[in-house]
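Presented sequentially are two complexes of subunit A, the first with subunit B as partner and the second with subunit C.
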Partner chain A sequence: MPTEREFLDFAAGILGIPPPEAAMSLSCGSIPQWDSVMHIRLVLELEEHFGFQVPVGEIAEVKTLGGLYGYARTGK
Partner chain B sequence: MSAILCHDAAIAGVSACVPPAAVDNLARCTPVCGPEKAATAVKTTGFRTLRVAPPGCGTFDLCLAAARRAVGESPFSPAGFGALVAVTVTPGDEMPALANRLHRALGFPPAAAALDIRAACAGYVYGLHAAAMYAAATGRPVLLADGDVQTSVADPADPATLPVFSDAGTATVVCPAAMCGAPPSTWRFAFLSEGDPSGALRLPWGGRIAMDGFAVFRFATGPALDFLRGFLSSAPADEPPPSVFVPHQANMYMVRRIAQALGFAEDRVWTSGESYGNCGSASVPLTIAHCAAAAPHAPSPSSAPRRLFLGAFGGGLAAAAAAVDLPCGCPVSVFPLPQGDG
Partner chain C sequence: MKIAVLSNASAGVLAGMLRPRHEVWIPPGWGAWAETAASPPREMLAFAPAAIFLALDPAGRNPGAGGVLERAVASLESAFPYSEIFVLDMPALASETGPSFFDPRMAAVAGMPWSLAGLRAIAAEIDRFAGMLQGGVKKAVAVDFDGTLWDGVLAEDGLDGISPRPGFQKFLLSLKERGVILVALSKNTPSAVECVWSDPRMVLRKEDFSCLRIGWSEKADNLAAAARDLNISPSAFVFVDDSPAERERMKALSPGTAVPDFPVSPDGLPGFERMLSRRYFPRLRTAASSSGRAASYAAEAARRRAAEGLDPAEYLRSLDMRIDIAPARPSDVMRLAELSARCSQFNVLTSRRTAPEIAALAADPRHVVLAVRAADRFGDYGTVAFAIARIDPGARAEIVDFVMSCRAMNRRIEFSVEEALEKELSARGVETLFARRDSTPKNAPVENLFAEFGFETVRVSGPSAFYRRRLAAGPSPAAPCPSASPAR
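Up next, the complex of A and B:
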């Protein structure tokens, strides 16, 4: 299971933002970089890197880094 | 789930004609989206290369080339066909219909019906159902043409659609099973239409395709996935299990996740999107031709027909599913548009 910091740092790299700006409350649409196309890539990259899967029906519903981290923590 | 059964139809050939040049998706998107967003688009879609019709090449040209190949490789002469069904959202001229123009160019008999179907990404399954019904009703082979030049209606400055849409024309010959020596079988179809009040995927009259990626993703992984799951679980006990899943090539990540959710291992999912992008409804027959040509007997070495589970979803918002047979040895091909045909 990744630590919060590991998770946020990796997400920041995908989003192209400085790591300190990546917070669990950051959400899709709240910054220009995180649009719907980036959202799918973010989920895909996080899944590949940390070895978990967001249930397919929830991919478009989970909108915050904190929500995604919840899946990373439980591995599914 | 209510399903529609068609008895003793057979696929006697599938051809796909694509624009000649494979266009690198990253290079195509970079000037519009910038390097980072272009990389994101390619990673997200999984489409490494697209096919873009050259100027002057329309849906008619791609479908005609595919149709000539499919009819030529079939045991049937144009004069023997009973109907021509065309599936497209980019027919070129609205009237005469694409089907009427193909019908004339191919030399089909005047009494053979010709009509277009507009059903966006789910269109091939609708067309296959119509073709099977015409084949049964006329006792003759039927040509199903399915194609689009989507790049002609995609905004070249829209980063949501530029990395996605691609062009192809396909032709499928459907006939009564006995006419091509295929064993008797029953095909099963089901359809879903939800309407699209929020405008998730729209092509306004004379305008450009507009797509709300989230809304389409939500439909595909929600109602469409539930519909496909229901189709599989409601199969009659005597229906052969699907050999392979042939999904609409909406987006490779989406396709992989939907296939996984339906219980298909990777080697039982046919794809073509990596090389050909999302060709709209034509992505299903293009994928059939691409994968069956590469592995004529996959996934099993037997000579029994392969049972294909077709799953398509998208504009409408609509979805369609079918369980049909693809005989081994059925002629299939994907080829570039010959020079001078565009």
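Up next, the complex of A and C:
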């Protein structure tokens, strides 16, 4: 299970933002870099890196880094 | 590089993965790729991509069947005369990547069928083709013998015990006919291989190889030696060898050389041939004017024979060089882009300009773009060099490109080009001409170019040297040996 910091640092790298700006509360649409297209890429990259998979029906529903971290923590 | 991607699926995620390295244009919305190709929108025309990629999912809507793809490509070719158009072989990429190429969830949420692994494979393929347009072209195949050109081991099984692979040899011959250089790289005793060339089952002849390196030393060393002989870089080679151990050694010792996996069974050869052709030697529009390259190599061999016993100046006079220097015309653009991509030695800034960039400069009144053709009594070299200068306010100009094919080096052609460039710039009121040279590991031949032209060195800063020359102040550069004909 990744630590919160590891998770946020990796997400910041994909989003192209400085790591301190990546917080669990950051959500899709709240910054210009994280649009709906980036959302798909972010989910895919996080899934691959941390070894989890978001069910298809939930991909568009999980909007925050905190929400995605929940999947990474439980590993599914 | 500026690239456009047309797809029958949503290409947004793919574009996002390409953007750190390229400027990417994709149509707004998606799926209407055929309509976009048939009638490209103004934004796409203005974007002037150096390359247009078609990424069509065979299982998606309108995958281009029934002539749709061919019509789309024809339409793009006419709307973008200076762009390379690549139809990505999606089935081949899918089979190389395996089932993980697709992610069944993506159709519902992202309008595309591809997984992250699939997107990476597509992006890598696009990067490879873009790299080719920026100097990463492959020029030669270095091929092993035993287990590659034929089944069996000549030294152990004897001539009767080996079976040449005619299909694969025909394929290599077809590459040679398209201008690819063939080099033999075999661990064998040279005298033991001779018998194979008279075997009627062999398609390839000894003369089909520009260079034979047969012996027991390290293949990477032999490849480097062949590269020196041919005056090309080891990174311009594709190494084809059935031995995984040899391939691993080559990867480790010659990092720029492409080392594709060789099929384990001969059944895999046709697929391997398609992959080599598609990935390393695609038919580029920029290369259309260089189809005579094989003939030029023959002319070059005749020149070398003529040079024997002559001193360099005598030899040069004996060539009876004819040089034609004129402002670049639209028909020159693709060849100039090819020179920009391929020439690393005689290249002052190694700017790797794409065809649309050169076309824009040729049409710009503030730039002078000169294209240089050359011929001698042994043959026509074709278009072998170009120079670009930018005219600035204050009667100043700067040379922003000076490139010549290595086949045309050591002919003093550059002096004629400089003379023509200065004459053109003087006529346009330029009094001071600036130039810069950026050192690279490969461009030693131009190290003293501007000094030889009579420029003064203004300053040297790291790999860059800056030069200046007052056009009104002195005579033209040292009298060239061949004389330039007037502009056509």
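Convention: the second predicted complex is superposed on the first by the 76 of 76 C-alpha atoms of A that agree within 3 Å, B and C clash if a C-alpha of one lies under 4 Å from a C-alpha of the other, contacts with A are read in each partner's own complex, and residues count from 1 in each chain.
Definition applied: a contact is a pair of C-beta atoms (placed from the backbone, for glycine too) under 8 Å apart; a residue touches a chain by one contact, two chains touch by 3 or more.
Since we're looking at a predicted model, the values are computed, not measured.
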{"item": "Side-by-side fit of subunit B and subunit C on subunit A, or clash", "value": "clash"}
{"item": "Touched partner set for A:E48, first subunit B, second subunit C, both or neither", "value": "second"}
{"item": "Subunit B versus subunit C as contact partner of A:A60, first or second or both or neither", "value": "both"}
{"item": "Which of subunit B and subunit C A:D9 touches, first, second, both or neither", "value": "neither"}
{"item": "Region of subunit B that runs into subunit C when the structures are aligned on their shared chain, from 77-85, 95-103, 131-139 or 149-157", "value": "149-157"}
{"item": "Residues of subunit A at both interfaces, subunit B in one complex, subunit C in the other", "value": "37-38, 40-41, 44-45, 56, 59-60"}
{"item": "Of subunit B, residues touching subunit A in the complex", "value": "36-37, 40-41, 43-44, 159-160, 212-214, 217-218, 221-222, 225, 251, 253-254, 257-258, 260-261"}
{"item": "In the complex with subunit A, residue positions of subunit C that touch it", "value": "10, 12-13, 15-17, 103-106, 108-110, 115-116, 119"}
{"item": "Partner subunit C, residues of subunit A touching it in the complex", "value": "37-38, 40-41, 44-45, 47-48, 56, 59-60"}
{"item": "Footprint of subunit B on subunit A - complex, ascending", "value": "16, 36-41, 44-45, 56-57, 59-61"}
